[in-house]
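Read through the structure below, which is laid out as structure tokens, and then see the notes.
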């Protein structure tokens, strides 16, 4: 597979789901003599503008968004520890990203390519202002720096999501070491497995080459082309749909958080002392900025600024609102009062759930998805979590894990055009154009379930090993005295508020 | 009027102000034989990028912007109630919007079309990624989802503006019911009456059809075309100019607030206890985000990303600054000190006032408009309000109502090209191009005054009836004990700040 | 030099550094007969979208970004004073900008043109929706209103940066007067000297005219063209590179701050009472918004939405992160704990340093630049400042001054293509295209050092005179009692927080 | 001299202060406290975690007065702070041995 | 009646309150204070400026009880608040001359 | 033992604490309070609504010392907290019957 010039792209589009159909159609098409597929790479300033702002929006989600959302929920004495953890993770991972992370996620990985990329673009070697990457439309490209920046923000926010699960008790140094290991060994491979594919033009080119070779009876060439067509990440090849990172980001972080809170154990005083949020105002600001920034996350994952971007915006908006409304009303019904924290938690749950579905579902499907996610996450967090005795301080699993799983599976359902969905994309049946593949519910949903299970196991087991490693070497948890005094003073030498 | 394919658009452009002139010119033009008007619908990714970000900016204005602006001004014990009200309104209205709100505002309403749309796009029926809506330039279109998302944010923020008027004393359940009624019966009709029009190409097509029919002596066809040309919202047909929502949003919400604070009565302890803002820091953050987000609101209302967008940005920026400077200095002169709250209130007043004028006035006109709005709103809030004994807790009427009225009327003056304005647009005199109609002060200003008065009466009376309805059924106001304890604990079961 | 239609642009590109090479090449090129250079002015909606959002982002940096970053660092009793100062400066300078500031910075200044512009565009005379300004690409233009708005935000934030140096002790009235003088006499001239140039097409036109004249032996015409080619700001002509305002904004404000804190003297109780930040939460929010907004500042300075925008985004991102990481780890090593304040201070230091380099350096160069800036600024602030006995309350000089100097000089190094830099642009050797000039380290670095020294002296001396003037007339500093009580109550009649 | 300590409902503070001024009290110290007593607290719920808060916000006054004024002060607080609802508060009287005004060095009754 | 003032560690508050309720205490006033004592404070550093904070967060309880209950209250606080680490706190007992319940006007032991 | 309660200006706290340490005081409780006295408050205006705030921020010290140290403590506070401007504060002395150190159970003078 020499000289394979892969064009990196984003968001699992299950191109291969169209394969069987493609074979048939291609047979017909092959009647007419086929010419090798050629293409131009054009960059649109409007797309670049949109992707630039999407990048900025995802950064806004992280700092200050996520940091405040989490920070507001801890006690005053731990406020700065949360802010520092989130911000430091963002900073360190950004540097890792340009150093080797991007390369591990978005380059050809040789014999390991199914699982992870290689080091060919370490230190961004070979990337300059003329480098381009594919989008989801044939012939439409982005400056590679744009793609690098956008994806960098995903690498930054995902590990930061985890810290909520063991907030108020982890050692800062241990966390830093854990995160470096985690992004390297869990996140970059996951991103590669879900998002590494050839791009529309590469697929068209190889598919055409394959058809030509087959027509000419050149089996070797046909096999080479077929191999190129299959040179994608593992989950991509399974046909799992993940528009903006339901598996890679949310389930991944949610599970890592779950394992983390179990490994670290409960907070001192858990269940006895009041651990009421020190500032729901900050949590509300954070949730709002997550909401606002999430449009960059979800609609930015479209890589272009077109009608699908607009669809993703509408879907994201209404799923978030539906999640908030569902949580608020069900809490009102079952606990007697509609709380702000419930409302915003539901909004986040809706956002998480719509992430994999953003460009695939229709608006009404997204409303339903949001309602379901808001309700189920509420039930988990308010009842199941306590029943299981989990001290997932800020409900990383309850919101990101559960919401992510609901969203991932629902994507397989809501993509159905009969339900207003956009349909499963198919780049192969008519090379050079984007077709909608026939929807087969069982296939579509099974692919999603497989992806969810894989992520649960891969991230769960992998994270567990890394936690144990760090725990055995430097120790994950602060001393009890430090926990009582608060991490701000003990670990960072500062107080959040003075007079 | 079968088969009328209306192309929805935004911002009253008083197309019909050009009618008399059009008749004349058309007469001349008709000398040459006229061909039916045809057009292409092209979408520009740069426009989509700008409208996407504008949508996000208006959401940012609402949450956390408006919520914090208001929240900072109440007492600690009511902080969360304000945040919850604003956020919940946003969430619920968004769902209503895609369910039936968009359809009521932006579809053809049959026999009621002058006042309100119909249900043909309820549940966004028939809208998909190929649907397009007109902008203000012939041939330039937006994905309909983009327009739906952008307008959704307007529907979300307008009712949220009202809550400031009766903050710290309304029952949450009553508010939710009121808002659902209010957007349905007041807001969607207002939006339809002001913003429902055919779009540049539709007008060009019908105008051309009319001229051809007239030349051919086909009175029936001419009348049908004339009817199509007149099938716009009531205020649009009056020729009222409203670039970004001075009437629909600000006067509308301002009056609803005024009526609300009168119906609910004053807060317990009003005038006796200190009701000092619990966090001007939050109010400043909120005001800043309103400022920042308002560019999406005003310049986004241009629907395209061009020089008029830029003009709207400059106008919005300087009017806001002028409003702030005016309020600050006049307060300094009359009350002895320049306060932050005065400064930011003036900024908001300037923003409100420039809203209807943003794409019509020139920068220097906008500076003057801002100065006037800042000064007059200050005088109202600091003197008139108390003289009238109004407990409009957060000055919804004083800022949005008064500022909106000033802006709406001033738009009729500042649009004058002689004052640096952009002039009144005219799509009819030369179908297919955008001309500037001759400016006649009396006509222009009267149209504005008519629109203001209509809004005051429609929204005032309508809101009054709805308040009374809700009051008589579930009761608008919380018990006195609850009001003393604070709505946060009593209504939402939470406290904003803990330690 | 009549009829000289200058096309304003941004960010020193040292066009003239290419001159000697140009002469040679031109000689060769002149062999073929030269036609006068003609060009079209095309505007791209994607560029306009990007510049609109960049404008908004820089406003976000100022309010609430910078205001919160600074405000969180002062004591509760002075919170509002800082917020008011920053917001009021922004508001007043915006009005000055459209009144005469833009004209002084970006018009031809007649005999003073080397130093400052004239009044030909006072009150934005002659600017309308059809006016355009050049970008850095031949033939690509922006609506002039877009450029005015973008540059307005730079004029607003720069003086606001200064207030951190003498926070908690300056009289509000004195500050307002000082700022009006300072922007007029220091900022607008600096902007003119660094950013006033002809634009790519103007240079191509004049260069071509010169070559034609020389070929034709028309010395007068050749000299006229040469004069036009040289009709740029002083520092521009020196070939100083400043992509987004290292000299104009950061060194300029940093030095003005340094002089200010010396002239005003230390705060009452300095070194005795605790002056711990009243809310590091606010400082963190502010720093995050500075980070987020800085992309508009740096990548917006590219004026277009293309691959260089993307490069500037990546550079800005990683330099910020590297700055934060460097400060955090060096503080951890030397002071025992990694603090949030250290982390975010480092991020800002990295951002400052990368400002002049954003479009010139490569990503790896930017990482190194950020690391150096974070480390050096830490050392200055934590050790040198105290050794010098400076009470630069919020480290305006330590971060913006020092960081700006590091960045300015490093730009001369990192622009080197051998280090992954973009190279020094050259518009003259092949008129109508953008070439990369040969890199000569000594020339490049000396130009930067000269620019830095000039800025230090010009801003330092100029600011000193203005401070003294204001001090002698209205007095710069509040009374000691007022300082103890806090500026909020005494100067603004408000408290930041109530219950 | 007597030190009178009273815990009252926060919104009554201004009224009590004014009433005391009227009868000649010229100084006091006011602290925001958490009161515990027969007035029950409230329950807060955050994502399903319920916290019973047993404390109620109260304001605590400390007033040092001459022996002769003490009874009147107690009486004034009692009548002014009263709303006849549970949680109105308590008043305690302690003996003060000495009082000093920092500024002047005056002592005892003169210091008040 | 006695006024018992105790400075304890904040996280012990709930436990102490409960223990006191058990032995019959029906009311108290709680204040968040800064304590100074042998327990040393901490150092904060902000951009190189170090501040030694000599105060430690404590909670201060004030409980007025009948003379008969006083000793038991002191004892209960002492045993419950104890962690055997420096900074556990202090208990002081003062005499109270009079007590009044605002709501009812009841006095002394009846008022508690 | 004596309980010395003093209300002083907040910025004098560190100085007073140090001075007291010098003369042998080993502990105290510090509360931020709102003081009311002859020092007048200020007026705040929010959008035209004026609020007269009659309270001034003060810091309240409570120090329990042996009888023998009491006078010296009062004197030290008086001289250190003094700025000769109105609002410098007041010092009150009360009698303490008993003192206990929670950690050790030591009582009275030993507990201080």
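Letters A, B, C, D, E and F name the chains as they come in the text, with residue numbers starting at 1 for each one.
In this text, contacts are C-beta pairs under 8 Å (C-beta built on N, C-alpha and C of every residue); 3 or more make two chains touch, one makes a residue touch a chain.
Just so it is clear, the structure is predicted and the values come from calculations on it, not from any experiment.
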Chains in contact with subunit C and also with subunit E, listed by label, are A, F
Shared touching chains for subunit D and subunit E? A, F
Please work out which of A-E and B-C is bridged by more C-beta pairs in contact, and write that pair. B-C
For the copies subunit A and subunit B, the interface residues, called same if over half of the numbers are used by both and different if under half, are different
Hey, how far is the Cα centre of subunit A from the one of subunit C, in Å? 36
As a quick test, compute the distance in whole Å between the mean CA positions of subunit C and subunit F. 51
When centres are defined as mean Cα positions, the distance from subunit C to subunit D in whole Å is 57
What positions in subunit F touch 2 or more of the other chains? 31, 44-46, 94-95
Multi-chain contacts only, two chains or more: what residues does subunit C have there? 44-47, 49-50, 53, 274, 276-277, 279, 285, 305, 335, 337, 339, 341, 493-495, 499
What graph shape do the protein chains here make by touch: line, ring, star, complete or other? other
Chains touching one another, given as label pairs in label order: A-B, A-C, A-D, A-E, B-C, B-D, B-F, C-E, C-F, D-E, D-F, E-F
Given the complex with subunit A, which residues does subunit B contribute to the contact? 43-50, 52-53, 55-56, 59-60, 63-64, 67-68, 71, 79-80, 83-84, 87-88, 90-92, 94-95, 98, 123-124, 129-130, 143-146, 148-149, 152, 172, 279, 282, 285, 305, 491-499
Within the complex, which stretch of subunit D touches subunit E? 2, 5-8, 31, 33-38, 54-55, 58, 60, 74, 77-78, 81-95
Per the touch rule, the subunit A residues reaching subunit D in their complex are 73, 274-277, 335, 337, 339, 341-342, 345, 381-383, 385-386, 395
Which subunit A residues qualify as touching subunit E in the complex? 269, 272-274, 484, 489, 493-495
Could you pull out which subunit F residues touch subunit B in their complex? 44-49, 51, 53
